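Naming follows writing order (A, B, C, D and E), and every chain is counted from residue 1.
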């Protein structure tokens, strides 16, 4: 869609507003009276400049690379703004560290972070993700096969999906110990129902005509499953897989709050807050966000390759 | 009359461990001193040090190891009063696994509180020369213990950290007999560190008005503590009334008050410098990875307690 | 396939499809819908029968009953001497739906191969058959394309190829050419006639177009709605060999006229 | 109500499974208690038993498991224990308890109703903030290519930040600006709930097909008119679908926000249960949360049906 | 509305629509698609022009160009002496899409009222106009119903009413009756003719059906694809007054034949 020329200032103002709230939320460092001091003006000016550049850029770009550049520019301007705000307003480091400190910590403690990553993501989250999504998939097949189960299990599923992890995590740590196994169990519980619901919805997402076609062939349930329902369910399955990546990550980290060995991202975040090592806290968050974004991206990529035929991918 | 507002951040949830402050509030001692006190209960992962650094509280209840570590990390906290004279921390182990003395802790799995509460333990292990990575022979495997005594009851750990006034009794309440347990009090091991002191930001102490405010605060608080020591049951009931979660029970709080009274007994609020030095030595001492690396300077002041006692 | 002739077959001896007093009522939230009411019809082997009638008169429903996709609520229906459901299980039908309904995740070749896979044809034969039917509908060379890469007309032809691939005796087609333009439609009409002539299949064909019905059929069944019933059955005296311009002949126009009259009669209530 | 029977059957099946699992899960503790009472256990010492599974222990000492359904601190409480606790902390507490509504005129702080109310307040305010923010962002994203390209990817990234782990810090940060009580919880709630709304609304606002939009163009309608008369009504079904997800997420956020600050709420209740090893209390708070969630989702579903019917969209 | 006549108007003085060498090329992932190539056409005020041609020949694209929904990549196009986009902004068009495209959350009345709301008609006039056009398409009494409560044919009539409500001079209709059965279609054809006769609107009409094109039009434009171009323009000598059975007349059949030939010629490459 082509934008009219006066869209730029309007969007700039909009962006300004958005970031103002963001900054206010993040730091909360100034009261209303301080709004019109020069520091704020500097920050706003910088933001306006970055946003304008972004608007101009986004109206030009057409390629995927260009889109990435716009997103990266936006992220970069947020980070610069953060750094600037923290420095100009002397925000205490133990409240919000500047990104530069986070980067420093990240580099200096890479070894520790790697071990945490292995413990939390590769062991806890991944194991739980695979088991949980796998089990949900198999149960979905059962539920799809026996409509009695569908009508009996799915309403309960909505109920169970609402069990907050903060309640289940202590129980599961008590049951499965302090190691990664209990984290995996928490993740299983978190991803199971979203995946189940998506897969079941996907398996049902065929048109009457598509099903009737196979009925005229006298196809068996298995044949219907492999040639029709599973391919048709793919977009839904991937949707579930994508949602579950972030859930798995969060589950594994939070479960570590309720007992863990002396490593893992959740352990690190909690312990580092206690030690007022906020650089390390945010470095751990960066690791988590990187891992989450990467897995999400990976899932999206596989989705693109596997469901190339779906209108949303063309 | 203008009331001065004071916000106190506790280290943990509302319980008899903090009875003195709640008593002072309930009995109007603070009011008598012209103070309008807000008590913020703590909870898991609320770091009082962080709260005061952000300006969310004027004064906090914190353990000295965490406060000194924060001070070394650039957050200048100063101890202005020390209502707790003795340490209530201990390591509680199953007797039947064959632990009789600290030397037997090698190769065991131990539950430890983190979040700034791990410093006393690390110092102790350091003093004993026991590594805590769980990897090598002759080291202990450390678990980050959650908020309860389950790891011990479930035998996921051989020992866990307990407070004399709280977790220990939860173990007992779970049906375990005292004979089945072996306790290592940090006091008796010579590695006791000071707990539950009152800390403020150093820069605030330059303001005589603030010092005066704190003097009144400490005076009222100590009055509260002494009253609580003498009326443990009523104090427990006051605590119970302030507990918004409704989770605490009468029996447990009364007992806790009794145990806490043993720790506050004899303190008039002023810091015992000998105990301070012992804490510092413990934290500095031991092997490779001391909690603090240099003798702290100006980490406490008698100014407030001196003023309070006049 | 479908050679078994049960002795119990009702209807005339040479009827492939025989319906007697067929009723079908759908239970819906707004009350029952009488989609079919007392339908009697016999279709002989090798006939080309068209069904025509206003929207909602039950054409699709009747075809679906024949194919065992819908269960009648009354009357009897036999196909090759079996029940429709048995006939479905013995894979007696090729069914072409109104829309192409190709599976988007399969190539054109893969779509046509689908029934062959399901019915367990040997691998070599599959390829050979796919090639042959694609040739027949003029889609040779498009085997590797995906459905969305083809025009609507081409998709529809692919779906016809799919129904032809496994050589069912009975071809049921529900407005297969509805979405096509007149010229393409003409061509496909011609080809369908030729195929029918060559293979001797029995064909049931639903259409909205009077000329199409007249051009293709040996018999035209006119239906009318509320409740869906047969109001007229018109035998076509046209020869088997039908060039396109037969449509300008007097005979053709006369039959077309009769069909139109029949249709209009059924329409009075709307 | 066609699903009533299947749901009942499944529930009964789960209950049976649950009852059967209780002695196995609680075997170690039950046997230790039996031992203290003087029974002879196989194997005889707790240390030997430590590495045996619950199933093995239960099978070896089948006669001594009677207590496992009534332990005070079970690893797995029996269903009737949870039910009794729920009864005790709702009706019984309010009617007969010292602080209950009958005695004190206000809900007791030992009652799940009181704590559910606190959580509900935080959930609703977080949900309100989150969904309004989500809708605004979606409107921006749909109307501005710049926002689409720059905000959308970061909205996804934002959800990979384990906000739940940061909850205590957020609360402390908000302390430093003097914000306490409801708002910190609402902020966490809003953070968790805005995302599904953004995703759903973007989808919904883009749901009108080309023809629908072209119709507006032939009328030479303004952007505002296209928004109010086409995009917004078209997005309503999507909005409700995502609101259902969002309110469940809000509830989780509120509970998480209640965890660090022990000032009541179901989250505080769960933690208190965990702190004192009162598993029965955790389970009952969990159930209360799930019921609350189901209720909230049902309310939105009801509003959805009403709205769609009023719009004539639902058949 | 749309009364301004720029002095710069190309084409003949009485042409409402005038296209000269119109080109439109879509850039797609598979390379450029030449949807229209060198299209020349003048449409005079009050004409009824049908566009017919095989699928993909650019009929819709041409109609969209006229309506200012698509921007030509070459040539000139003037509508009422303005550019198509200006004409669109001055709300010169009523456009009827192939599918009814009613907004499901609005009642039939609400749908018809939509353009009136957008164009800012006074409230009283809106109601009066809605009532009038619904009457016109035989839908009086259905104002409060929702689209899904009506049959396909009724929905299509509602969408025509919607396009008529604001009295645009120019009515562009893209296969409006494609989805209807023959009888309903006949009826709507008759009504459309009557409306055109009464209001003197200029109508551009896309269809796949040769009889429909011949029955309705004063001029029939035959198009052919790859690239989309006009291959034949056939003037109809039929009188303005056209009963349905004019379709059996010799004249009619002759024109139809000519259109068919024109179509077939454009089809050779497929």
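To be clear about the criterion, a contact is a pair of C-beta atoms (placed from the backbone, for glycine too) under 8 Å apart; a residue touches a chain by one contact, two chains touch by 3 or more.
As the structure is a computational prediction, the values presented were derived from the model and not from experiment.
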Neighbouring chains common to chain A and chain B, by label: D
Touching chain B and also chain E, the following chains: D
Angle of rotation relating chain C to chain E [CA atoms, steps of 5 degrees]: 175
Chain pair with the greatest number of C-beta contact pairs: A-D
Centre-most chain, if every chain is reduced to its averaged C-alpha atoms: A
Where chain A and chain C are represented by their mean Cα positions, the distance between them in whole Å: 51
Between chain D and chain A, distance of the C-alpha-averaged centres to the nearest whole Å: 18
Whole-Å gap separating chain D and chain E, where each centre is the average of the chain's CA atoms: 55
Separation of chain C from chain E, taking each centre as the mean of its C-alpha atoms, in whole Å: 33
For chain D, residues that touch 2 or more chains besides their own: 75, 168-169, 172-173, 176, 259, 271, 274, 315
Chain A: positions in contact with at least two other chains: 92, 95, 170, 174, 257-258, 270, 273
Set of chain B residues in contact with two or more other chains: 44-45, 47, 50, 54, 146-148, 150, 154
Interchain contacts, given as pairs of chains that touch: A-B, A-C, A-D, B-D, C-E, D-E
Complex contacts: residues of chain B adjacent to chain A: 44-45, 47, 49-50, 53-54, 66, 69-70, 73-75, 114-118, 132, 134, 141-148, 150-151, 154, 156
Residues of chain E touching chain D in the complex: 64, 67-69, 88-91, 93-95, 97, 99, 101, 103-107, 114-115, 117-119, 146-148
Complex contacts: residues of chain E adjacent to chain C: 53-56, 151-153, 180-184, 208-210, 248, 253, 257, 260, 263-264, 267, 270
Chain D contact footprint on chain A (complex, rising order): 1, 3, 7, 11, 14-15, 18, 25, 28-29, 51, 54-55, 58-59, 61, 67, 70-71, 73-75, 78, 92, 95-96, 148-153, 155-156, 158-168, 170-171, 174-175, 246, 249-250, 253-254, 257-258, 265-266, 269-270, 273, 281, 285, 288-289, 291-293, 296
Footprint of chain C on chain A - complex, ascending: 207, 209-210, 212-219, 223, 227-228, 231-232, 234, 307, 309-311, 314
